[in-house]
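Note that the chains take the letters A, B and C in the order they are written out, and that residue 1 is the start of every chain.
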Amino acid sequence: MTENNVMNEISIEPVIRIAGVTKSFGSNQVLKGIDLDVGKGQVIAIIGPSGSGKTTLLRCINFLEEYDGGSIRIDGVEVGYKGGAGERRRRRSDRELATLRVDAAMVFQQFNLFPHLTAAQNVMLGLVKSRGKTKSDARHIAEKWLTRVGLADKFDALPSQLSGGQQQRVGIARAVAMEPKVLLLDEITSALDPELVGEVLAVVKELAVEGRTMILVTHEMAFAKEVADRVVFTDQGHIVIDAPPASVFDEQPNERLRAFLSRFDVVGP
Amino acid sequence: MTLYLQTLPFLLDGLLITLLVSVGVVLLSILVGIPAGCALVFGPLWARVPIRLYADFVRGVPILVLLYFVYYGLPAIKVNLPSLTAAIVALTAFKTAQIIEIARGAFQSIPIGQTEAAKSIGLGLFDRFVYVLAPQAVRRFLPPFINSVVDTVKGSSLVSLLGIVDLMLSLQQVIGRTHVALPLYAMGALMYFAINFPLSALSRRLERRFV
Amino acid sequence: MANYHFNFAIVWRYAAKLFDGLLLSIELAALTIAIGMAIGLVLALIELDGPRWAKPFIRGYVEFVRNVPLLLLVYLVFYGIPTAIDLEYDATTSFVATLAIYSGAYLVEILRAGLAAVPGGLIEAGKAIGLTPTGVLVHVRLPMALRIALPSLSNTYVSLFKDTSIASAIAVPELAYGMRWIETQTFRTVEVYLMATPIYLVTSYAILLLLRQVERRYAIARQGK
């Protein structure tokens, strides 16, 4: 977490620059012009009602969803298209996308671990194939990360032998081991039993303290308040609020935000 | 009892042909069907459309009709194949369409999250296919595939209608000579059963293990 | 490809054989499905709710039928049984009986899976409103099971329609037999095939579309709940 959390004081190019992004599914426009900048080391929590576009936005950043208009740049490089935003642009090839995606590694709500590979192999696959590490290097890195997320005794366990919380921690290890420029966390605790949520959030908090750039879509309001540098509230395809957690949760400056938050037990300061 | 023992050599000759046809059809249909099935799922449009049309066409026609056409129709347009070959070609054409469907189903039943996770760690299409999708597809492919092998063995009995002396026809020839119908039919049924039942059981076991 | 003079006119003269054959094929399929469903339903219910000793027999029936070629079963019933028992029947009756028994083995599996997939909560709801077990069966379990099993049933029905072609082996004058008959009369194999194949394709597809329509109607009725 950085002390400097006011965007216009940062003079270097933000790690992620999202400008004017629009996206429709058929006739339903889900993103109606999103502008968002994320600086290095910042943790952004995106909250909002379902259907507001928050998950779609996240998935556009690593181009799992194609965005229709606008631009998303990671370290200055446009994610999905060559030639920048505007009419004349070409979709990147599968190969180029693959290279770019490792920079925006994602942890999924449904974990999506590869069931036929052990925990260590899950983490190693990307290291070997995308980062070009040797197998033994990859193994060391995998073991290091699995130990860091508290699974030192589970290197050779299959996903089916792990609890939900353990699987998700493997998912986090798999993403972080790639040393991405930004970590995307898509409601990573929503599919977990309540008693398993804590162990996963503990890992995320550690990563935040270390200074990793992260964007998390979450319903865990208390956690967002604790860990995030900025909280972004989306509603009906727009970013309504983009402010530090104190401002968002304590002052609740917006009508729709209040209505949304009233459904959660968000404690005051 | 001696009657049955006397007929056994004839029946075993027929069984050999049945097995030959079955194995030949299975191998050929895998050779063509699996690449075609993969092309149907991952390939470009100009490959997917003809394969789709072929599979739908062939599966809309009874296997017997296909068999008749290849066997009687090809010579009419001056393509002369030996009987056994023609029969195998016809059955293979049918089975390949099935294999294509099974392969397609195997890939499409993999949750899309797997592809997304693989993309998100930067794997390109080839690596995704080899390291993530194909291993999972194989597990989903095997049970229905083994069922289709059983179907192939059963379908091979139709070549008897073309005069090829497989187990079915040799059975009928023996019955024709000895006039003992029911017991011999029962014996023939048992022989087919002996081949197919272990395969069916295997398929069920694999299904339980993998799914 | 060498010169082949297409001569559809000759074949067209005998076209009635194909269309009469088609009609018979459809009749055979319909009869088979009706009887097969009855067999399948009864056995599925016995297997799920009935006495434990019955299960091995049902299993034995299913395994036997599904691992033996249909052609052999057809011969066994048509040629084999009359030699052992003093029973006489014509080819069509014999074939329908055989195919019905054959289809029953497949339908048992599908219907059993469908019935087993009916959510327990619905059955309890049925009991809670005072339905007897038979009432629950008729008003809750069967409608749900059939809806769930409809895709598998559709595929099986179309397969059974195609399997009626095996009847040609015992000279039942359905479509495949008609095809062979014209071919032996006229030696015009390719033309006959070019006429018969679309008939099978169109009919199979039509049956499939019809069943998809049924599927859709049921689904719409359920969405309101």
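Quick note on the criterion: a contact is a pair of C-beta atoms (placed from the backbone, for glycine too) under 8 Å apart; a residue touches a chain by one contact, two chains touch by 3 or more.
In this text the structure is predicted, and so the values were computed from the model without any measurement.
J.: Write down the pair of chains with the top C-beta contact pair count.
T.: B-C
J.: If I average the C-alpha coordinates per chain and also across every protein chain shown, which chain's average lies closest to the global one?
T.: B
J.: With chain centres defined as mean CA positions, report which chain is farthest from chain C.
T.: Chain centre farthest from chain C's centre: A.
J.: In angstrom, rounded to a whole number, how far apart do the mean CA points of chain B and chain C lie?
T.: Roughly 21 Å separates the two chain centres.
J.: Once you find the CA centre of chain A and the CA centre of chain B, what distance in Å lies between them?
T.: Going by mean C-alpha positions, chain A sits 47 Å from chain B.
J.: How many angstrom between the C-alpha centroids of chain C and chain A?
T.: About 53 Å, centre to centre.
J.: Quick check: in the complex, which residue numbers of chain B touch chain C?
T.: Spelled out, the residues of chain B in touch with chain C are 57, 60-65, 68-69, 72-73, 76-79, 150, 153-158, 160-161, 168, 171-172, 175, 179, 181-182, 185-186, 188-189, 192-193, 196-197, 200.
J.: Which residues, counting only chain B, touch chain A once they are in their complex?
T.: Touching chain A: residues 111, 113-114, 116-125, 127, 131-132, 135-136, 139 of chain B.
J.: Looking at the complex, which residues from chain A come into contact with chain B?
T.: Within the complex, chain A touches chain B at residues 62, 64, 94-95, 97-99, 101-102, 104-106, 108, 110, 112-116, 125-126, 129-131, 171, 174-175, 178.
J.: Considering the complex alone, what residue numbers of chain C touch chain B?
T.: For chain C paired with chain B, touching residues are 1-2, 4, 63-64, 66-73, 75-76, 79-81, 83-84, 162-166, 168-169, 176, 179-180, 183, 187, 189-190, 193, 196-197, 200-201, 204-205.
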